[in-house]
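What follows is a group of structures, each given as structure tokens.
One chain, chain A, appears in both complexes that follow, with chain B as partner in the first and chain C in the second.
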Partner chain A sequence: MTEQIPTDQTKELPPGLQLEKVDDRIMTLNVGPQHPGSGHMRIIVRIDGDYIVDADPDPGYVHRGEEKMAEVRNYLLNIPHLERPVIHDSCNILYPYVLGVEDLVGIEVPERAKYVRVIAAELNRCVYTQYWLAIYGIFLGHSTMFMWPAGDRELMIDLLEKMTGARVTHSYFIPGGVRNDIPANFEDVCLRQVNYFEKRIKEYADIFYDNPILKARTEDTGVLSSQDAIRLGTTGSVLRASGIDYDVRVKEPYDVYEELDVHTNVLKDGDSYARSKIPWLDMLESCNIIRQALEKMPKSGSVRTKLKPNPKGVGNDEVYRRVESGRGAAGMHIISNGKPEPYRVKISPGSFRNLIALPYLLKGEKLGNMPAVYWSLNYWPVEADR
Partner chain B sequence: MSVIAPKFRLAYFLKSIIDNIFWAIILVTLIGIPAIQIGLFYGDLPVIEGELLTAFLAFTWLFNPAMALPLVKSLIYSDLFRIAAFPGFGFAALIAAGTIFVERKMLAKLQLRVGPFYCGKIEGILQLAGDGLKLISKEIIIPAKADKPIFWAAPVLFVATAAAFVSLIPVAPGGWVVADLDVGLLAVFAVIGFFPIITVLSAWSANSKYPFIGGIRALHQMVSFEIPLILSLLGVVILTGTLNLSEIVESQHNFPWIIFMPIGAIVFFTAMLAELERIPFDLPEAESEIVAGWLTEFSGMMYGLVQLGSYVKLYAFAALFVVIFLGGWTGPVFWPPLDEQIITTGLEISSYTGDPFLTVSTPGLPLFDADPNEWILQKQGELQYTTGQLLISGVVWFVLKTIAVIFFILLPRGVFPRIRIDMLLHIGWYKLIGLSFVNIFIALGLLYSGILGPEGVF
Partner chain C sequence: MGTATGIIKALNSGVKHLAVKRFTLRYPEQKLKLVGDGYQFDPATGVGIAGYKGRHMLFHDHCTGCNLCSIACEGVAEAIGMVKVPNTWKHNKKAIMPQIDYGKCVFCGLCVDACPFYALYMSNDYELSSFTKEGLIYTPQQLQVKPNVQQDAEIQIDDRGATHG
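What follows is the complex of A and B.
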């Protein structure tokens, strides 16, 4: 469709509002931010017929300056707002910060607290992945796959509420352990609900992952080769779906992950289908890890080493720690200059690195594949904008 | 996950009833009665039993059973009733409203949730009325550079075309169809061919990008699925030798055609889903790709009209499937004949002491019989069933079969994701057209081997 330039327009329009004159065959679509298939971002897509010739992701609509806010609050007060970028995965996004501050201050964490952290982190990974999967389902027009994960997610949220007292924004991990001990009888409830959860998500294969239309629709779309996956710097499920065996929990184990048997799920294809299947396999693996952690956890003991109020960094020191979050490796670089507040906190989320692959993957795809490719990248707009 | 219903209070309930009665009286006196009087002043009055029917006469007759029944009967057999109420648009709109309710509740059960719950107190039965009121009260926004006359006309044309489609469907034996054409099936094809034109007109006139893409998709989809849709019905036409839909139904009094032509039925059902833009073929309205497709710029009641039209269209397609493959109204007649005493001497209503204190003579009671004296022929053994019996059981069979087909149209929405445009065209052009030719060859084989057809064994 030709972009019509009005001829009778006498008034000069500001540069952003002028209609762009482009090739007759090319149409420019602004997918987002007010679009049911975009999230809090915009993708400027140029299409030739049904084929995408150019895609330009434009994040930044939900930038809140979390990193700057971290510079004016002390180490403990940073905890509640640093988990805001991904409230559905709040334990995992806070994990590298807590590990880093522990390294800076140099305190020991009780053994029981490490297991509690692992359980909370894996539960939270399931909560996030269920939410992501629900949106992936509705992006492909599968409304049952929207409702089932959104409902089953409540099981994990209930467990986290019992542990932490909050449904989504837990603020549970603190330097030196966790905020409070888990309630009595939690192990039995957790085991029962995790077993039921595992049974439920195995049923997703029947309606979603083995669905012939879904397979025909998403296989061989948006193929990311293993070399490209490394070259573009993707992490997490995107990297593992392209055949690279990389998981921070296994390669750089933190807390008690080295004592647990963590299996890394790897698929070779690198297409949208593989990228959407890896988080689902990871959820099943999370259930295994939770069961192992519940078994090996010390039955009693302290869960928190007391930290002085206003903990100070050890002089001029810096630390970089990273964990495996729901969207890949999430790192935090903390620089201390001896004051109660950190000098700098740099968040390095997995979402933003995965977004880099989007323009490469969308080029040459059909317009109908755009939601499938975009959301299979395991991208969370709020986390990338920080 | 407990759901808390609002507490029931008798005073509020009574107040709402009194409010409703108040508004009903106000609206009837200010709008209803003047409208009826103006209509009676200008309209032609029918002649019943040799008397010109005036408003006063009708009012008098309504309280006299002997005259009220002929009055009702003359209404039932009028053209207006056929177009507006029973085999026409009113019946279709009623089934469409039921379809929307069933779709919401069934999908909710499938997805482990509750569905509409509050509105109307009983399982959200008034949710649709609430949605309609909301749509009516909303502002209609038209894009600045839209082609306004066409943009305004498109929803109305859509509903009108759906109503034209409904008017071709025979519902019950004895000519219960608005337009009983000898080329009924050709007229159906002509009406179906009208939908893509309206879709593209509305999409193009909105002068917006997402409706444009949706309109092009709809054009691809509807035009390429019309061919298997038409070809899949040709097998039935070959075997029956007629295009009249009523005669096609009559030819199935022994068995429905789906027994001999399952391939044609499958092809027709698939093409039907694509024509109706139901999931998995809802590409023209694909939400996550092109917002709402060709419906994006419609707002308020314009959107409501398009939705009404699409559900009426859904009923019409399901009814066409029933008429051609499932035998329409054919089925065992289960409605018992009327009691002779009630027709001749009437009902005796007795008081609690046992004495009859009131006798109501009902000579016009065989309301649905074409000829009021059919029950006498039935008594003498010359007639097996009266037309009233055939009508009632026929309509019940037809509605049951249609509901079953509608159920199967709704079900894929909870099971399948949306497919892509190239996969859709591949299915349409390669697979469905090939299968429909296989179906035609099966029909020809059955015809020339002498098993079926005009001189067949069955």
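What follows is the complex of A and C.
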């Protein structure tokens, strides 16, 4: 015989301690933040049987205060920490900052440095996309698709290591150009490895993109219409998979993208399959861009316009620059007040834009389709949290 | 394309890899060959020299104890502290030189860019693990030692795929 504990039903519980009303049908599930299938983020999913009725992404678990840190360091010393949000795509996330500071200080970048930066950025895009593809493969249960991209990524990392001296966090771009010239013979090695890389990733079609099992899993799941893609403000591969032709490299060319022939890959379906295919097509396009840039690059010349350690002459001014990163448009808004440190640096990454589509895409899907939809958003939790 | 053909094609593309060479680098038996002798910086032109950003090398005959490397690192990782060295030099009256804590260093190389006297470079040595935190702190004497690295594996590409030699 258990004794009934008398409870005071009238007592007001403080906010946050209130018990949730229990519904017999609907179950609330916390996916993450430490669960590997959600990245470093919690997704609160409410399910009815096997179907998702409501999904609420809860980013912020890996917030690092990058924007605040940028206010107490000078323009040069901001470089190593500003690339930390996406270490696999460190050149591209640093690119808008470097372009912005160049605009603020008003320095010209040597022609050769512009080409070197484009090559580094495209190599980095491949490194990031391969990493993302490996994760996408393993969460769909395709372990070969985890091994192959993770291995082939090494070809690109090797090139970046030769160029920048670091395998992942390069700290290579600097206002005024790049920190060091590319080593001798780099062009030949680069061309050889990029060609082989292209041949390798074309082989992914048979095992992954044309694989009926993958198609059954991802086609018609999480469909995002083109109107919704615009209304929600998505960018990058998510936007282009929904049939919108938008690429910052083409629409607002920076550095030497204007002189290169950049093809924008667009697919119309807007489902998880299209969203997972666009980054792969982009990698093939990156190989084209690298080849063009290697050909057109001036064979010698300066790669850096010298900048004083504390750039003077930064007045009260603000600038917003953006580039196409591996996850869509990445922008930085830099406000200066004449001091050696920026007054404010606002990072506007592609991941955060794309995350907003998640609740809409998951509604009505089966819980088992969650990884297929979630990872197809090309989302990087650390970048969104900054 | 039918489902069956698709699955057979996918399986076949995996089977073909039985004849492809192994790409994996067998570290530590093999070590990747790195470009040059490590990252260096030429203060005269203001441009670096391509190389791997590994453990630093300190040239005692150049270092003046000017503190600039430590000031640069303060904004990055606070890894450099200036310490006393036993012998004094004509160019280094204060007898202080940088000591680097590799528990904090992020290998950005901005301290190398800051040094105006060609005294601080980076080397190809990246095997710095230690059982204690103190073991990660390298004194000026330790930084002076040229690392002895044997790295020779390079990516080789032929018809049967890529290998590390």
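In this section, the second predicted complex is superposed on the first by the 363 of 386 C-alpha atoms of A that agree within 3 Å, B and C clash if a C-alpha of one lies under 4 Å from a C-alpha of the other, contacts with A are read in each partner's own complex, and residues count from 1 in each chain.
Heads up, the rule we're going with is that a contact is a pair of C-beta atoms (placed from the backbone, for glycine too) under 8 Å apart; a residue touches a chain by one contact, two chains touch by 3 or more.
The structure presented is a predicted model; accordingly, all values stated were derived computationally and were not measured.
Participant: Return first, second, both or neither, reflecting whether A:Leu140 touches chain B, chain C, both chains, or no partner chain.
Facilitator: The first partner, chain B, only.
Participant: Between chain B and chain C, pick out the one touching the greater number of residues of chain A.
Facilitator: The larger set of chain A residues in touch belongs to C.
Participant: For A:Asp210, select first, second, both or neither according to whether it touches chain B, chain C, the two together, or no partner.
Facilitator: A:Asp210 contacts chain C only, not chain B.
Participant: Where does A:His81 make contact in the superposed view: on chain B (first), on chain C (second), on both, or on neither?
Facilitator: The answer is second: A:His81 touches chain C but not chain B.
Participant: In the overlaid three-chain picture, which partner chain does A:Arg192 touch, first (chain B) or second (chain C), both, or neither?
Facilitator: second
Participant: Answer with first, second, both or neither: which of chain B and chain C does A:Arg73 touch in the superposed model?
Facilitator: Once the two structures are laid over each other on A, A:Arg73 reaches chain C alone.
Participant: What is the shared patch of chain A, the residues that chain B and chain C both contact?
Facilitator: 144, 151, 154, 207-208, 211, 213
Participant: Which bits of chain A are touching chain C when the two form their complex?
Facilitator: Touching chain C from chain A are residues 73-74, 76-77, 79-81, 144, 151-152, 154-155, 158, 161-166, 169, 171, 179-183, 192-193, 196, 203, 206-208, 210-213, 215, 302-304, 306, 309.
Participant: Which stretch or stretches of chain B touch chain A in the complex?
Facilitator: Touching chain A: residues 1, 107, 110-113, 209-210, 212-213, 279-280, 282-283, 286-291, 413-423 of chain B.
Participant: Any idea which chain C residues touch chain A in the complex?
Facilitator: Those residues of chain C that touch chain A are 1, 3, 6-7, 9-10, 12-14, 23-25, 32, 34-36, 38-39, 46-53, 72, 75-77, 106-110, 113-114, 122, 155, 157, 162.
Participant: Any idea which chain A residues touch chain B in the complex?
Facilitator: Those residues of chain A that touch chain B are 1, 27, 29, 35-37, 50, 137-148, 151, 154, 207-208, 211, 213-214, 216-217, 366-371.
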